Each structure stands twice: as structure tokens, then as C-alpha cells.
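The two complexes that follow have subunit A in common; it is paired with subunit B in the first and with subunit C in the second.
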Partner chain A sequence: MVDNKQQWKAWLYLSPAIVLLLVFTVWPIFNTVRMSLLENYSGLKAAGGAVFEFGIGNFQKVVEYKRFKECLTNTVLLCVLTVPISTLLALLIAVTLNSIKPLQKLLQTIFFLPYVTNSIAIGMVFAAMFNIIGLRPDGVTADTWGIINNVIQFFGGKPVNWVNQGSQYWANMTVMVVYIVWNALPFKILVLLGGLQSINKQYYDAAKVDGTSRKRVFTRITVPLLSPMLAYVIITGFIGGFKEYSSIVGIFGETMGPPDAAGRLNTMVGFIYDALSTNSQGRASAAALILFAIILAVTLFNNMVIKKHTHY
Partner chain B sequence: MDNNVMHAKDLQQTSFNQKIIKFGVKFLAYLFLCTMALIVLFPFYWMIISSLKSLAEYRLNVPTFWPKKIIWYNYVEAFNAANLGKLFVNTMIVGVASTLLSLVITVLSAFAFARLEFKGRDTMFTLLLATMMIPGELFTITNYTTVTQLNWMNTYTVLIVPFLVSVFYIFLLRQNFLQIPNELYLAAKVDGTSDLKYLWKVMVPLALPTLISITILKMMGAWNSYMWPRLVANDEAHRLITNGLRNAFTTTTGDVNYPVQMAAVALVSAPLFLVFIFLRKYIMAGVSRSGIKG
Partner chain C sequence: MKVTLQNLTKIFPSRDKKSGKEVVAVSDFTFEIPDGKLIGLLGPSGCGKSTTLYMISGLQKPTSGRIFFGEDDVTELSTENRGIGLVFQNYALYPHMSVKQNILFPLQNLKGKDKMSKEEMLERALQAAKLVQIDELMDRKPSELSGGQQQRVAIARALVKMPRVLLLDEPLSNLDARLRLQTREEIRRIQKETGITTVFVTHDQEEAMSISDMIVVMKLGVVQQIGKPQEVYDDPINLFVAKFLGTPPINVFNGQIKDGKLYIGEDAVMDVTGAEDQAVTVGVRPEGFELAEDGKLTCSLSNVEVMGRDVSVVSTHEASANPVIRSIINADNKIDLSQEVVRFNLKPHKVFVFNAETEERLDVEVK
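Take a look at the complex of A and B:
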């Protein structure tokens, strides 16, 4: 009796969540697979009563698109560049932060600050810092080089056209890497510092008694005991990296590139939205499933590598 | 005798050297951390001082690191140019409504998963967790069609309803509920307390820190959401803050009135910083377990 009543109650409590999940999560999963397998599926045409043939043409076309290859290259490049840099930097900061006492809390708060920002808004600040100020659309008269170039000149370097008309691809990418790393640091530092603080002090005391060198303590105690946290930040870093989009909108706007090379920095997610905005839901679905497959593969691969090297 | 003295001197020398090394290491540690902290803070500093400069001063060949003359009017201009008042109101409506509804749904679901026994509970929970791996864009494609068919385009509903259920929040709260001893529940049952009353009087207060974390992350989510609002509600009446900012200042490079643009960015960032200053503990606790923004 009681059991039956509990059953009934449980489903009642779950009902709002279940209804919403069915409509906005479960149905989309099936529908995405369905649309991706209907040739040239378009929501607009479907509403007009068009019938679509079954086939894998969407996947073939998406993969053949030059744009798609560019988006994939950009996304992979950003991941491969930003995840190692931000992870190493975060590790270095967290370990150093863990070794000091005065000012630790204050510095920890400062390092977390970039997390509570709007990635579009602060992207606009980075764009301003890298911009050549007052450069007219014709690209002729500039007032000044902008703060980052001023700093470069101060140290005797040559100013670079980072984001403006006529800028090079590698310069654009550098700006993106700097911004994404800046944005990714807070979360990684937070997790790694939390991990460091939970390592049992006895290991370090034992190492001290044995007179173990600093370097050895780091590679033989700190890194192994921190490995679950490192694994966590690397995996979430890759997942986030493959979904990169709004940070590019923040810096370059919806053109996704400098004014004379629109779309040059577009990513996988951007490709999906572009397909959606032209009502090519079939292509968009195919691209989304490819993105999902990539994320799944990278996560599984990371898990495999990490299992080999992680000590729990 | 002589030997012994030498030895003591040597020892003194080494301990002195060790002290120097220790001091040097500490010094380098602080030097590194402070340099990194300055790099991290620089964009914020640049945003604020740029927002207070006149356009002429901003364009000086040798940049000034503190405005010669503080121009507060940039903020007025930014507020009007981006119609920030309306955007703030819209974002608050969507943020508050979606947070409240989301909390109710999350609490009820987490309670069912943590305390009630029903057929298929564990299977269903595992399936729910599995959906967390799927990138959100995959849902967006279909949801866009769904909300069009429901005639929800350009309403508050379309900004609130599709994201009310967060599997991650349910998971987080369920873990928290599981830590509350079952004996309390059974005792309440014996006393004839209803489930809802027990949930409200015992479980919710005990899980308050988690609920606060969820609230903040959800509000931040509304504040920072960009893609979905742009697709489904980009009209004047319902536009949210991030889109409004991006729309009002479409160009970020070239010949731009940066002081006003930076003032707008500062205005949009300010509420986030205020929340951070007062509720830092909850944000950091929530974030370290989630790895997601909003």
C-alpha cells in the first residue's frame, strides 16, 4: 500500500521535470537524428508539406563544405592551443598560491574574478585593447596603435595589426588564445587549488624528513595526487573548447573575423547556427551530431589516457 | 678543537644560505603571483579608466593611465545609446522568473530521486545524467522549431521555459539531500508530517547553501545568455542585456567611440561584480562542482 502511494507521489513530484525534459531534451535528440538523415531537410519546406528522402547526404555535404573544414580547423586549433596553456598556467599559479600564506585569500579572489564576467562584454574590452585606435574603414589614418601595441613598442617590439582590417590569421588567433586562456584560468585555478588543499600534509612531512628535493616532491607527490583534478579540468576544458563561440563574437562581433575576412574565425557551433539561420535544419543536425561525436571521442580518449596515469 | 670551530662555522654558513634560498623562493613566488594578478586585473582596469576618458584623450599617442578629466557623462550616453534600462528590466524578469520556477522543479525532482522509492528510479537517473554529455546546440535546432510552432517567438515564455530543468542542478541537490539522514524523514512520517511540509521545513533549510549556489548560477546564466535569446527573442520588447550590448555596439574594431562602449560594458559587468563581492563563497562552491558557466 505504502509502496504504491510512494510510486504515485514520486511521479507526481517528477512530472514537471519529465514533461519539460520530454519536450525540450528527449524529443530534440530523436528529432535531430531524424532530420540529419533526411536529404536536404529544411524546416521551412517541411512546414509547406515537402517530403524528404532518407539518406546520409547531409553528413557528406557538411564534411565536404570548405567552410566546415575551416570551422573545424579553428575549433581544434583553439582547443589544442588553449587547453595545455591554461592548464599549465593554472597549475603553476595554484601550486604557488598554495605555498604562501599572507595575501593568499586576496590573490585567490583576484584570480577568480574573470569567471564572473560576461564573455561578450569583456571580449569587447579585449578588442579595444588590441585595436588600432581610430583606424578608418579605408585602413589609412590611424590615431594611435592601441594599448597592447604601446606595451610592445615600450619593450622595443614592432606593433602588430591584431584585429583590424587587413590583419593576419595568426594575429587573430593569438588574440583569441589570449582571451580564452584569460577566461579559462579562474575555473581551473579554483579546482586545482581545492585539490591541493585536500592533499594530506603527511606526505609532504615525510618527504621533508627524507630530504626530498622540491622538484621531486612536485613530480612524485603533488602531480600524482592532483591527477584526478587535472583530469577533470582537462576534460571540461576540451568540452568547453569544442563549444567555443561567444568569446569570438565578443571580440570580432557577429562577422566572426576582421571586417575584410568575415567568418574566418568561425567555429563548429557557429557553423551549426549559420545552417540553422538559413533554415537548413538537416545540415545543422548533421553538424551537431558530428560535434557530439567529436566531443564524445575526445572525452573517451582523455579518459583512457588519464586512467593510465591517474592515481586515485 | 680547531676542526670543531670550522665545522660550526660551516653549519652556520649553510643555514644562512638556506635562509637566503628560502627567502628567494618566497620572493619569486610573490613576484610571479602578483605579476599574474596584474595581468588578470588589467582588462578591468583598462575598461574603467577608458570609460572615464574623453574620446580625444583616449586617442592620445601616449596613453594616459588615469583620465586627466573624468567624464561621467560617458555613462549617461552609454545608458541611453544601448537602452540599458529596458534591457536590465527584461533580464531581471527572465532571471527571477526562471530561477524561482527552476528551484521548485529542482527541489521536487531531487526529493523524489533522493527519498522516494519507485520503479525505474536508478535507470531514469542514469539516463538523465547521460543527457548532460550532449552539447546544447543539438537541442537548440529542434527547440527553435518547437517554440515557433507553439507561437512563443518574442515572448518572455520562450526565454524562460525551455531551460527550466537542469539535470546538473537536480544531481547536485540530490547528492545534498542524500546526506540528510533518512531517520529524520521516518520520524516526520511517524508524526504525521506531510512530505511537502517536511521538504519545506527540514530539507530545504538544510540544503540552503546548494540552493543559493543554484540561484546565483541561474541568475548569472540569464545575465550572460546570448545565443538562444538572439534566435528567439531579439525584438525591442524582450531583448536581454548581452544581446542589447552586442547590438548597440556592432563594431568592435576600427574607428569606434570606445569610452562610451567601455562605459556600457562596465554597466553590464557591475551587477555581476556586486553579486560576486557579497556571495563569493556560494559562487565558488557551486562553480567548483560544475565547470559550467551559468
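Take a look at the complex of A and C:
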């Protein structure tokens, strides 16, 4: 422990970091809370020297806002669908990747590529793949189908209107889930593969001596020993899922939905941005705090469940 | 269960592509392990002892040669079908399972007619735990156990499915000195109680000699000598075996045989029959020295280390191959440290004569 006379030195050395944190982290958080409680707040009115009253009016407005429920539903739905699917897929791919020797490094690189690619760019590619516009098998160029619909037709299915005018909500959602899962895989595979490779090989030798079936090795040895990594990707997956925004912009553009149903796929973060862009900082702050509360609650719940099943 | 190794050979392909040299880990190992005995595979690191163990376990496939359990040829049999119990060097206890779950695990894997009811499994697990005296610790996690306790759990897990052969890889290397002493007695007791043919690997000759019924000394993949510990100690086949067994190690001198006498340097220390005149290497066990006023071997005295019951006399001699000579003599002998020389007579049965070049033991009689 530093004695009292020396303590000012410690504070001196810490001060650059502390000042930066105060200005860019602590103050914004505090200010968000303050703004969320200032009724009728907006930047313009503040400039005019208007007086604001404290109250929970912003929170009320957020909850009553017609788009709020929709945004919350979309966000929760995307989380609940994509996190389990992407985690399971990543686990399967990581285990498979770990058990093959030739080309392992090459395949690892291929699986990791989406991670280093811009998500808006990927979104545009996905939008094109699911688009109606594309080359139709009969050679007609106008009003034709993207590659996904071409494949569906090749196998004798009926083409689906995935993302264009007149498309259904479930079709939009399917595209989003596929895209988000695909986009989330590389990081999860990387983390899980790292975890797998750090498991001592002797556990597998011991299991072999004991005549353990492959399924039992997976469920009783691999998964428990991988549980810290699994916990990590699930928790960060949920946090990332609740902050979902750019992937929807990537596929549907800023309309956040097909042209005839703008905003249908909007999320919580989108809701906050919308409020900001209409100069309703109070509403945006309140929505941000609600999102924060949801993420906190879900993470605490995750932690509680995971703690029971995780071996560190 | 008798275990027979027949011309067992393991060759690892070269890692270094340029030189292309293969690594012969085990070369032409033939040995019959008698039923119900405790066998120690002994040698310095890289001698192929662990490879041999893993070939018996089936985790590694021999390049050539065959392995029999009793009359069954198990060479092509996979590990899980051999009915072995294996204790790994670092125990490899599943860290997320309790002691009980660890011991139960092999039983829960049993299928078909071997399948047991929950009660049977629990009873068997408790039996195994009692045998190694860990039945008080059944609900602990491995991380909450000491090294010695983990070792016992590993043995219980290996024993619970009643293996035909028990294999232990460096079972004591992760324990501290006191625990090592205690655990090796335990291993001996458990082996005697169960009567399971047991093979263990060690680089510690004291460990191997103290509990084995038979030891196999290996060097660079080649078996040097097989026998009862005392026999191998008293009658080493070559200089390597003589050097490897015994603490403190054997004293080695450059000597020669001339006119029926064995010379160490200028000192004619013994009469020798049955060999022509030649340069030889002489090995003398530390306990093979006797203090004598008119002793034939004259050494320069350096130091006397008191060990209680015995004293260790440290001295030097120009013909010694080691920097110092260490001789163990009874503490009743008083040695005056102020004197510069110390004279010894040698006990004939503690003196071994080796060919200076091949290092093979010469079949001579010393008196």
C-alpha cells in the first residue's frame, strides 16, 4: 500500500485515464439519466432558455409510443432466435473443425472471413441474394429472382418474396435470422475452437480407456469443459442481439423494412436513433435506459443460469 | 492376467523432413509379465518406457510385434475393449465432476449385458473408494483434493471396472517426497489386495526397486535387463544398468587387468581370475568400501558427510571417472578429517568389472 504522502503521485498518474473516463463515460451516463427525467427536453428549446420539469413523462411517452412495442418485439425475437441457433451451429462447426487435421488452418480462415468484412456490405450482398431482382431461369431480366429463389425453384419450390415490396413479416424475419446467425458465427467459432484446443487431450484418452461413446464424450466432457467459453459467447451474444441495428440497415436500408412497410423491422437501437433524429433527446435517453435495464436483467438471468452449469 | 509382449517395436516417423530420420521409441521388446505381479518399467526420459505402457493400453499402436493378455491377442483390439485401467501421470480426473462421478463414469459407459443398475454402480464405486481410502471425499471436486488424494481417485477410477491389467504412468512424479513414500506403499498394498497384474513406469530407480516384483531397465528403446530388483542391483549386465540403479550412484573408475590383478590407477586393489590383460572400467557400489589402515585403494580425503546411521566419505582419486568418490560406511568408524588420505579395501561382491569399450560386464571373479 502506498503511504499517504505518496498518494498524490498515484492520483497524478491515474489522472489522464480518470479525466477521459469522467468526460466520455461517466458524464454521458449521468447526463442520459438527467435528460431522460427532463420532460419536454430538446436541444432547441434548451437554447431558448426554456424551463423543464423533472418527471417520468419521457418513460411514459416511450412506452406509449406506437412503434415501441414493435421494436421491442423485433429485438427480443431476433435475440431469442439467433443466439441459440448461432451458438449451436458454432459449437458443431468448432468441434468438427477441431477433429480434422488437413486443411484445418485454411477452413479456419474461411470461417473467419465474415468477421473482417463490413457488415453493411455483407447485408447488401444478402439483400441481393434474397432479392426478386436477379436472373430468372427463363432468361427474363425484369422482375426476376435472386439466387436463393433460383435455388428454391431448381428444387421445385415456389419462389418467396423475401425482402421486396409486398413481402410478409415472417419472410423478412427469416432473412434477418439467417443473416445475423451467419454474421455471428465467426467470432463464436473462434472462441469455441480456442476453448476446445485448450482442453487437455488426456481427458479424451481417459474417456477412451473407459470406453465412452462419442455422444457421451461430447455431452459429458467436451461441453462441460467448454462451458466457460459457451457462457461467454451466450452472454455477449445476447448483449449484441439487443443492440442489433446495422444488420437491418444492411439488408433493408434506413427504412428498416420493405418499401411498403417501413420501420416494420425496427429495433430498440433503431428506436433510439429515430428519437434522436427528431430531436427528442429526452425520449431517446429514456429508451436507452429501458434498453439498458433489459440487457442488465437478461445478463443477470443468464449469469444465474450459467453459474449453475458452468465449471471454471 | 499374464501379459506377453512379443518383439514389440514402435517407430515414430521423423518430424524433421530434411534428415528423414525415424525415431525408434521401442525396439524389439519381448517379455512375459507374470500374472498378478507388479512390474516397474525403468529408464531415463526418452527410453521408451511410456511408449511401451501406452502400447499395452492400446492408446498407441505398435509398428510391429504382438501383445497378448493371457492367451488373447489384443494387438488389434482398441483400448476400450482391452479391459485395462490406466492412471495418467497428471491423473486426468474430469475437473467438473465430483469424486463420486469420476469413479462412476467408467461404469456408466458399460453397455449391453455389462450394464449395471444404479445401486450396483454406487456399491462398486464405494468399494473402489474404500480400497484407496477416499470414501470420505466422495462429494468433493478434484480441485479440492491434495495431490495424493487425486492420485487415489485416479486409481479408484481405474480399478472400479475391475480391469484385467492396471497401468500407471509415472504415478508418483507429481507428489512431494513424503507423499511419494506413502503412496508407493499404498500402490503396493492395493496391488496385493486386488491381485491385478500391474505395470508402472518411472524414471526413479528407488521407486521402482522398492515396490516392484520385477523391474525392466530400458535405454533408448532397448531393454537392458529384466529381473527382480535386488538381482539387477547385485548383478548388473552392463555399466548403464549399474549406473542407473542405486543412490548414491555407483563409483566408476578407469582400471586395468594385468597379471591376474585388478588395478585402479596405480593401486592393485584385487585379485582377478577369468580375464585376459586389458583396460577395464570398474564400478564400485558406495557400500562396497571398507576403511582400513593398510587399504589397497588410496584416495585423497575431501569431506565427510554425516547422515546419522551412516557417514558418506567424499574423496577423490586420479583414476575416478566421476569428480568425487562417494563411499558409505558405518558411522561407528571415526575418520580424522585432518588426514589427507583415506585408504579402503573393497568388498568383492560390490565390485563390477566392465569392458572399457563396450561397457558390457566382464565375466570375471574378483577376490
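Heads up, the rule we're going with is that the second predicted complex is superposed on the first by the 282 of 312 C-alpha atoms of A that agree within 3 Å, B and C clash if a C-alpha of one lies under 4 Å from a C-alpha of the other, contacts with A are read in each partner's own complex, and residues count from 1 in each chain.
The rule we apply is simple: a residue touches a chain if its C-beta (ideal position, glycine included) is under 8 Å from a C-beta of that chain, and two chains touch if they have at least 3 such contacts.
Values in this document were obtained by computation on a predicted structure and should not be read as measured data.
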Contacts of A:210 with subunit B and subunit C, given as first, second, both or neither: second
Which of subunit B and subunit C A:113 touches, first, second, both or neither: first
Touched partner set for A:127, first subunit B, second subunit C, both or neither: first
Residues of subunit A touched, compared between subunit B and subunit C (which is higher): B
Partner chain in contact with A:164 - subunit B first, subunit C second, else both or neither: first
First, second, both or neither for A:176, with subunit B first and subunit C second: neither
Subunit B versus subunit C as contact partner of A:200, first or second or both or neither: second
Touched partner set for A:230, first subunit B, second subunit C, both or neither: neither
Common interface residues of subunit A - those touching subunit B in one complex and subunit C in the other: none
Contacting residues of subunit C [partner subunit A, same complex]: 57, 59, 79-81, 84-86, 88, 90, 92, 94-96, 105-106, 108-111, 157-158, 161
Parts of subunit A lying in touch with subunit B, wherever the complex brings them together: 3, 6-7, 9-11, 13-14, 16-17, 20-21, 23-25, 27-29, 31-32, 35, 43, 89, 92-93, 96-97, 99-100, 103, 107, 109-129, 131-137, 143-144, 147, 150, 163-165, 182, 185, 187, 190-191, 194, 232-233, 236, 240, 242-243, 245-246, 249-254, 258-259, 269, 272-273, 276-277, 281, 284-285, 288-289, 291-292, 295-296, 299
Subunit A to subunit C touching residues, read off their complex: 200, 202-203, 205-206, 208-213, 216, 220-221, 224-225, 227, 311
Contacting residues of subunit B [partner subunit A, same complex]: 26, 29-30, 32-34, 36-37, 39-41, 43-44, 46-47, 50, 58-63, 104-106, 108-109, 111-112, 116-119, 121, 128, 131, 133-146, 161-165, 170, 195, 220, 223-224, 226-227, 231, 241-242, 245-246, 249-256, 258, 261-262, 265, 268-269, 272-273, 275-276, 280, 283-284, 287-288, 291, 293
